[in-house]
Amino acid sequence: MSTLHTVNKSPFANQSLISCLGHCKDGDAVLMIEDGVYGGLGGTGLTEIMANAAKSVSLYVLSPDLAARGVDAARLMQGVQGVDYAGFVDLVATHDRTQNWL
Amino acid sequence: MKFGVVVSEGPYTHQAVDSAYLFVKAALDAGHEVPRVFFYHDGVNVSTRLSIPPQDERNIQQNWTALAKGHGIDLVVCIAAAQRRGLLDENEATRQGKDANNIAEGFRISGLGQLIEMGIQTDRLVTFGD
Amino acid sequence: MTIKNFLYVNRKAPYGTIYALESLEVVLIGAAFDQDVSLAFLDDGVFQLTKGQNTDGIGVKNFSPTFRALGDYDVTKLYVEAESLAERGLTADDLQEVMYEDEDDDWAEKPSIKIISRAEMADVMAGADVVLSF
Amino acid sequence: MKFGVVVSEGPYTHQAVDSAYLFVKAALDAGHEVPRVFFYHDGVNVSTRLSIPPQDERNIQQNWTALAKGHGIDLVVCIAAAQRRGLLDENEATRQGKDANNIAEGFRISGLGQLIEMGIQTDRLVTFGD
Amino acid sequence: MSTLHTVNKSPFANQSLISCLGHCKDGDAVLMIEDGVYGGLGGTGLTEIMANAAKSVSLYVLSPDLAARGVDAARLMQGVQGVDYAGFVDLVATHDRTQNWL
Amino acid sequence: MTIKNFLYVNRKAPYGTIYALESLEVVLIGAAFDQDVSLAFLDDGVFQLTKGQNTDGIGVKNFSPTFRALGDYDVTKLYVEAESLAERGLTADDLQEVMYEDEDDDWAEKPSIKIISRAEMADVMAGADVVLSF
């Protein structure tokens, strides 16, 4: 039993991502979409929190949203994986529930 | 698998409804069913047929109408949220004494019970909002 | 009919946006469906339950009394996160009383609001079949 | 003093337009002038006459229409933002081949130049948004 | 020459208030409105930042928004002053410009 | 006619919301009014200027090339806050080049983007007559 969490807001503007990570169970997945993809950037003040989360939670970003914002996948921190919309659908299907952090 | 989808923000202003559209298309492509999409909060604004986006931009309402037609998706607009925001179908307009209506083909105005029902009858619920 | 665990997640403050009010409208309608219903209040969502709300000066309807009617709809599980309260300088005393009558205990009046830890909130979330986020 | 006011969010969803309304009333009460209020982004949604709020809630559009009438305020709705979001007056509807229009009395559809002009001609500019 | 800044978002959810304070000049005023009024609460993790800002900037909350949210004025941190809409108008008039942190 | 200093303040990321695009639409129209125009990019607004934006996968129009046309409208002062870039792991190299031709200097090509400190940004803000926030 595990949950897919989605986060769609920039972690530099909004606390949603931090709150989401604080409520994940081991084995959950977090998918960052829309402005949320900035949460996957390496070398920021958030990287340590994210690296710590990655020990127990799978981290994903929606690649089309990343490309729209001009962020090269090489800029993602280690442990964050890109998925396309088909991958998004698979994540929803393979987790027991989806919780959207709006 | 059956997916229910909620759209909580209006067109053009937030990306939510664009993300929902691409997600639904991808779910259908993967062989899943999407019996219903429920439009709530400012999401009801997606259903207006009076929108005229610039020629070089997507037409969000027309895209949804076409997708729903092609795949038999029930596009439900919450009546309470719609009334607040000025979205009316012909029946509602007549009943409320309004001189115009603005709901596009393929969208259906109904109650919040349809949202709960979708939650009960689908295997997964995904919300796109702000 | 299958009974599912519905969880309504409230993370936003009242009045600045309509989400809190329209969330409550879903809860009221949803109560008719005989599902297992819980409400979660965390982050700024805890502000929805403060007592003494008076909206006369802003011309917006005060919907906070509606929470006290939830018991009549058999909505009796309102989980409030302790850490969210503390971060905002709030305590349980700042929240309004929301009660219900327990039909399994001779209709004794009991509090609907349960203050739980963040870890317990994560458990509540993980126990839901359907999560509706506002 | 002359105040210009910008409203950037839609009715009921965000408090912005309520705050703007109370601010404009207070400014007028204090003897200031508010020659124009400019509705941009989702703020254009305030101008629909099809809104039917619950009986025990304020009617945001009607309040603005009345305030504008009483004090000669020019309520300008940005045409580009309005077209995207499905807000049309009769002229626009005819010109664009749409079968309905929805702009309320007291609101006027015009271009973004009216926003800049307001910035130039007023002493203070205040924006209410999200 | 001074600026009135308005902030309408909760500082617990959004970075607007912090960014606003970081761009104030000495003698500016900050008016917290709508969900922004929570920024005036005493005894929170933000109180120290606010107390520091209060040394060079005047801090206000819009009282009708505070009352709507059930916050008693006694809960405000020291140095934060309540104003009504007439006071809001005066603040706009007596500062050279208004900057709204949306 | 009086000439005022108009400052457009951009604090939001592109595409997730329309504010960045509709801000640019105001700037383009406003350019016809012969005012003194500056654009400020801070907080998530700095993301608007990143190079390599490709929106093919999200079905939304890529408006980032429009920034490069601003010089033709005599909009030549784009202030970007250094601290905002650094907090987001960005450097000047991540931003697209925006140039203008300086009519006072034999039409020499010059960069429109000026990276300034937070303190300097506060000065830019304090120097405006009209602040439009997006």
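Chains here go by letter, A, B, C, D, E and F, matching the order in which they are written, and residues are numbered from 1 within each.
Going forward, a residue touches a chain if its C-beta (ideal position, glycine included) is under 8 Å from a C-beta of that chain, and two chains touch if they have at least 3 such contacts.
This one's a predicted model, so the numbers in the text were calculated from it and none came from an experiment.
Listed by label, the chains touching subunit C and subunit F alike are A, B, D, E.
Shared contact partners of subunit A and subunit B are C, F.
Looking at which positions face the partner, subunit B and subunit D present mostly the same ones, since more than half of the interface numbers are shared.
Among the chain pairings, B-D comes first (most C-beta pairs in contact). Averaging C-alpha coordinates per chain places the centre of subunit B 38 Å away from that of subunit E. Look at where the CA atoms of subunit A average out and do the same for subunit F: the two points lie 29 Å apart.
Under the contact definition stated at the top, the residues of subunit F that touch 2 or more other chains are 11, 15-18, 43, 58, 60, 130-131, 133. In subunit A, 8-9, 12-13, 15-16, 34-35, 64-65, 84, 97-98, 100, 102 are the positions where the chain touches two or more neighbouring chains simultaneously. For subunit B, the set of residues touching two or more other chains reads 12-13, 15, 19, 22, 41, 57, 80, 125, 127, 129-130.
Pairs of chains meeting the touch criterion: A-B, A-C, A-E, A-F, B-C, B-D, B-F, C-D, C-E, D-E, D-F, E-F.
Remark: subunit A residues 6, 8-9, 33-35, 64-65, 84-86, 88-90, 92-93, 97-98, 100, 102 touch subunit B in the complex. Those residues of subunit D that touch subunit E in the complex are listed here as 1, 3, 8, 15-16, 19, 22-23, 25-27, 29-30, 32, 124-130. For subunit C in complex with subunit A, the residues that touch the partner chain are 9, 11, 19, 42-43, 118, 121-123, 125-126, 128-131, 133-134. Within the complex, the subunit F residues that touch subunit A are 11-17, 43-44, 47, 50-58, 60, 62, 64, 87-89, 94.
Listed in rising order, the residues of subunit C touching subunit B in the complex are 1-2, 4, 6, 18-19, 22, 25-26, 29-30, 32-33, 35, 130-133.
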